[in-house]
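Below: the structure, in structure tokens.
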Amino acid sequence: MIDPGLLLNNLLTPPVLFFTLGMAAVFCKSDLEIPQPLPKLFSLYLLFAIGFKGGTELRHSGLTGEVVAGLGVGLLMACIIPLYVYFILRSKLDAANSAAIAATYGSISAVTFIAAETFLGKLGIPYGGHMVAAMALMESPAIILGVMLYRWQMTKGDGDPADWGELFREAFFNGSVFLLMGSLLIGMITGESGKESLEPVVVDFFKGALCFFLLDMGLVAARRLKDLMRAGSFLLGFAIWAPLLNAAVGIALAKLAGLGIGDALLLAVLGAGASYIAVPAAMRHSIPEANPSIYVPMALAITFPFNVLIGIPLYLSIIQWLWS
Amino acid sequence: MIDPGLLLNNLLTPPVLFFTLGMAAVFCKSDLEIPQPLPKLFSLYLLFAIGFKGGTELRHSGLTGEVVAGLGVGLLMACIIPLYVYFILRSKLDAANSAAIAATYGSISAVTFIAAETFLGKLGIPYGGHMVAAMALMESPAIILGVMLYRWQMTKGDGDPADWGELFREAFFNGSVFLLMGSLLIGMITGESGKESLEPVVVDFFKGALCFFLLDMGLVAARRLKDLMRAGSFLLGFAIWAPLLNAAVGIALAKLAGLGIGDALLLAVLGAGASYIAVPAAMRHSIPEANPSIYVPMALAITFPFNVLIGIPLYLSIIQWLWS
Amino acid sequence: MIDPGLLLNNLLTPPVLFFTLGMAAVFCKSDLEIPQPLPKLFSLYLLFAIGFKGGTELRHSGLTGEVVAGLGVGLLMACIIPLYVYFILRSKLDAANSAAIAATYGSISAVTFIAAETFLGKLGIPYGGHMVAAMALMESPAIILGVMLYRWQMTKGDGDPADWGELFREAFFNGSVFLLMGSLLIGMITGESGKESLEPVVVDFFKGALCFFLLDMGLVAARRLKDLMRAGSFLLGFAIWAPLLNAAVGIALAKLAGLGIGDALLLAVLGAGASYIAVPAAMRHSIPEANPSIYVPMALAITFPFNVLIGIPLYLSIIQWLWS
Amino acid sequence: MRPIKKVEIICASVEVRKILTALEKLEVSGYTLIRDAEGMGDRGRRLADEVTDVFKNSYILVCCSPEMAEKISQKVQPSLKKFGGVCLVSDAQWIRVGEDHPERKEP
Amino acid sequence: MRPIKKVEIICASVEVRKILTALEKLEVSGYTLIRDAEGMGDRGRRLADEVTDVFKNSYILVCCSPEMAEKISQKVQPSLKKFGGVCLVSDAQWIRVGEDHPERKEP
Amino acid sequence: MRPIKKVEIICASVEVRKILTALEKLEVSGYTLIRDAEGMGDRGRRLADEVTDVFKNSYILVCCSPEMAEKISQKVQPSLKKFGGVCLVSDAQWIRVGEDHPERKEP
């Protein structure tokens, strides 16, 4: 079903190639590394740039029906995915790990989203700037839901009341969510004039920073592959078919909501992506009983490469076929 | 007196909004942070860029009467402010802290200066590149004067002779002063051709880096606000009215010297700004008896936000009213 | 023989001036510093940018006779230099240090190469993008040869067989070699389209990053000058005349191979440069008996400044005189 | 020169804030924090190579009286239990200066 | 509370990988690594100011039994001899939590 | 294996240069420096979050004889008094390699 032209078109872009280079470095036992906090610089930058750009575009387009549809469908998806993921996993896993993985897959992966945007840009397929807003909105609900599912299971509710405030803080004021949301807002407030002044940094510089960040992601993902052996084959498989399932849900919702091809791909990718930044940080505090050596490598070392290398062109092939 | 249009025009620019975002992050207890040494990268970059740009413009304009006037008035101001600040403070404070605060307010704040330049740029008001040179010249005298006042007070002069050499080194070869001066010189030497080759980095990249740095400044300033409670209400108030007074001195001198509106604003801002980089570093060595938990937060958490948010448009309103 | 115009033309460019500024900072005892890992960021960036640019140009030109000649001559030189350097040094030094210095001078200095490219660019002299590939190829052989010479000398071959695999990994998959080679490959694969998308980062941003990195190199080189006193005057002298000798070999080979002026300068500079990144890292593991406080400062604090300040214009003068 | 207890805590970076707050509530006279540490233990490797601090440790040093050392080690137990880490107590001599330092003088 | 040996190793950064692998082969229960340290010793200054890690040290801490401490110090001798560094052993009390932490439960 | 004194100094980062120079003047055989440390003490918090190093600490470790430990702690007193910090002395065993390392051979 996947169009080989699209696949190649995706695989042979600099960002994807740099990701592969990073993985290759680990397999060749090269000592190449990007020392901390440089990866943090690029991750902060990407959130800032994508948020700001999305904001200026949202300001430009205004709150049209299309925008509302995109945001609504995104939010809906962010509430459905954690639920079914949780119940699927509960058959094999304890509550803590199920809930943490549910939150991971229910939330989004900003870099996967950026890769999809870049891919659309390359193919010249238009998409709405408001999808960034959808992304920003979709980051937190899965965190809340995951923790609610877990606490509901534990019934006893050993939580002192302050806990919920803490949880919402974790979910909404988490560093990466905060920067993304804040940049989006600032983009909306400053609009055209802001865009002009930041264009060189936010647009021109973007692809290069993405390459660098993906190089680092490749290094980290490859290093984590070993940890995954511990996770067992059920979870290894899950890390591949969960994005497929979630993308399918995203595509179905996009079709129902009547989104365009570009927006549909972005929605599929928001569904398919699994968070390895915001959610792990939040889960660590809120469900310390879950094992981060399971949910982080699943998202980072399998789902992320799968989406970036194969998933994005695959979802687009399907969408093009369904939409035509 | 302040023109609300100007105020809004200033408040709604990306740099100022990112500063506010940083403060908001701390108030919301977000865990957003920009880990060291990334803020150092941006601070080095800003000094490099502003110095280099100023140097190329100085080369372009040559040593005209206007330039000499700007530099002269700046130096004069840098020698007056520490003196009166010191004597005002001595009524309430010991010599060490008075001298350190005098040096802090007598010196300049590069980022405040940059914010003023950006603001002028946005309004299309011209200003002279030589004002950067004035800034570079104004950074050190306050340090020397502050320490001289303090040592003079202590009379006994426990200082071994080497001390003075050390002091001058601190004042003139301080990392940030050195980089600013050096970049200025290199800008002057390479002129047009240098400007062309570095334009993308020095100009295009500038606003983005400024936003990032101000995001960090917002974070740090908000964290320091608590420390200020210790300092007592006299010093809290001082951190607001000192910039007003010093800006007034700057405006008066600018008027006397017949500077244009843009240069007058920059001079006012050089007066109003308080140093939180070069001076604290120097004071820590030269007046260790002074308490950095007083003079740093005053400059960083009160005077800086005051100038950036309200001061700059306020001073410009006053100047426009006086000059018209 | 050196053309004073060329010399000045080189000395008065921003990169060279920033290098001088860095050295001046140390001599003035300024506390200016560029904290780690910021220099690593710039060094990674430079390797990435130069590799990628070279790759796209290589793709553009294809594998012409000129390209093959450039690569062949480069490789040849990389195999000759370590041999004669080793035997020259053996008269005065033990095998370990001789071998390590031979590897250092047989390998290349990417930043010296970049400085030469920048210099050619400024003078408008054309050169081939494939010379970057030559550089990438020349980085490893000297490492292998140096270690082989050393082990051959030690005869006993205390090395367990795994040692050689380790050595080749060090030589070819060394972080900086790997990134340079990888970026070159990615540039070749993505060609025009990749170039366009990364142009702003790879081209526009380049000179600024170079200035920053050279500022840091100036700081480090000046700090290391003291260490050199230990090395004795023979090695001090060697660090000056070795680049001259090696450049001469490069120029002779370029003449024989019929390269153009630009490529001839680059080849000379590849010969003249001494590695202070890839080789020390590899030597530390492979010849731990050699003293890094000898071979690193020789390359970094003498040969590098010599090449960048005087060598490059000198070699070009000679080439222009020979080629005309 | 005064004999004291040296309490060294290696904890998950995500817990640093809470632990420092706990130390301040116990009114320790001071502490020192080295933020970036990697490690290996029962919970596997923590390589500190991600943008999130989930796989990172921090090192905290507190010099205090034996009683305070006791209190601290009680206090941090739950965090170390949940998030992993080590708490060591050893003996040292504190060569501390008098309390008459200048920054104490309130302005 | 259990008396243990605290082994502190300061080694050349280029050797860290090998030393950690050696520790894992000895099956230590854990270790902590602080990657960036500068220093001075018989081999001169290591300022950690270059892009290569040739002049940089790292700090490794292992808490273990006296026998393991003995083994470790034997094991790292050759590296310290070739590349410089220090190996210290001292006494401490390990206030360690029980082994029943959640992350151990395999999924 | 040789019993030695472990001197640990936590000092204001602005003082590091002076203290290291002092150590070198005392002719210590070596020292190790961890540059970035945060902390809290009588002079309030030092969060190391500014571009200047005014609110930052550093950690210095010296292994030496008891006499040298005495000299060092005397020497650093004034700095610790003025700029804050801690000086700890404790006992350890130095498992040090012989002095016959290769880099000593002058070329």
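The chains carry the letters A, B, C, D, E and F, assigned in the order they are written, with residues numbered from 1 in each.
We adopt the following convention: a contact is a pair of C-beta atoms (placed from the backbone, for glycine too) under 8 Å apart; a residue touches a chain by one contact, two chains touch by 3 or more.
Keep in mind that what you see is a predicted model, and the values were worked out from it rather than measured.
Q: Minimal path length between subunit B and subunit E through chains that touch?
A: The fewest touching-chain steps linking subunit B to subunit E number 2.
Q: What is the shortest path, in steps, from subunit D to subunit E when you may only step between chains that touch?
A: Minimal hop count between subunit D and subunit E: 1.
Q: Going by average Cα coordinates, which chain is farthest removed from subunit A?
A: That would be chain F.
Q: Centre to centre, using CA atoms, which chain is the farthest one from subunit B?
A: Measuring from the centre of subunit B, the most distant chain centre belongs to E.
Q: So what's the Cα centroid distance for subunit E and subunit F, whole Å?
A: One centre to the other, that is 19 Å.
Q: Distance-wise, how many Å sit between the C-alpha centres of subunit B and subunit F, to the nearest whole number?
A: Averaging C-alpha atoms per chain gives centres 35 Å apart.
Q: Between subunit A and subunit F, what is the separation of their C-alpha centroids in Å?
A: 46
Q: Give me the residues of subunit B that touch two or more other chains.
A: 33, 36-37, 40-41, 200, 204-205, 230, 281, 288-289, 292-293
Q: Two or more other chains touching the same residue: where does that happen in subunit E?
A: Subunit E, residues with two or more chain partners: 34, 36, 43, 82, 90, 102-103.
Q: Taking the touch rule as given, give the residues of subunit B at its contact with subunit A in the complex, in rising order.
A: Counting only subunit B, the residues touching subunit A are 12-14, 17-18, 21, 24-25, 28-38, 41, 122, 200, 204-205, 207-209, 211-212.
Q: Tell me, which parts of subunit D touch subunit F in their complex?
A: Going by the criterion above, the answer is residues 1, 4, 6, 20, 24, 29-36, 61, 63, 90-99, 101-104.
Q: Which residues, counting only subunit B, touch subunit F once they are in their complex?
A: Residues of subunit B touching subunit F: 33, 36, 39-40, 43, 219-220, 223, 227, 230, 276-277, 280-281, 284-285, 288-289, 292-293, 296, 300.
Q: If you look only at subunit E, which of its residues touch subunit F in the complex?
A: The touching residues are 8, 10, 34, 36-43, 57, 59, 73, 77, 80-82, 84, 86-90.
Q: In the complex, go through subunit B and note every residue touching subunit C.
A: The touching residues are 36-37, 40-41, 44-45, 48, 52, 169, 173-176, 178-179, 182-183, 186, 189-190, 193-194, 197-198, 200-202, 204-205, 281.
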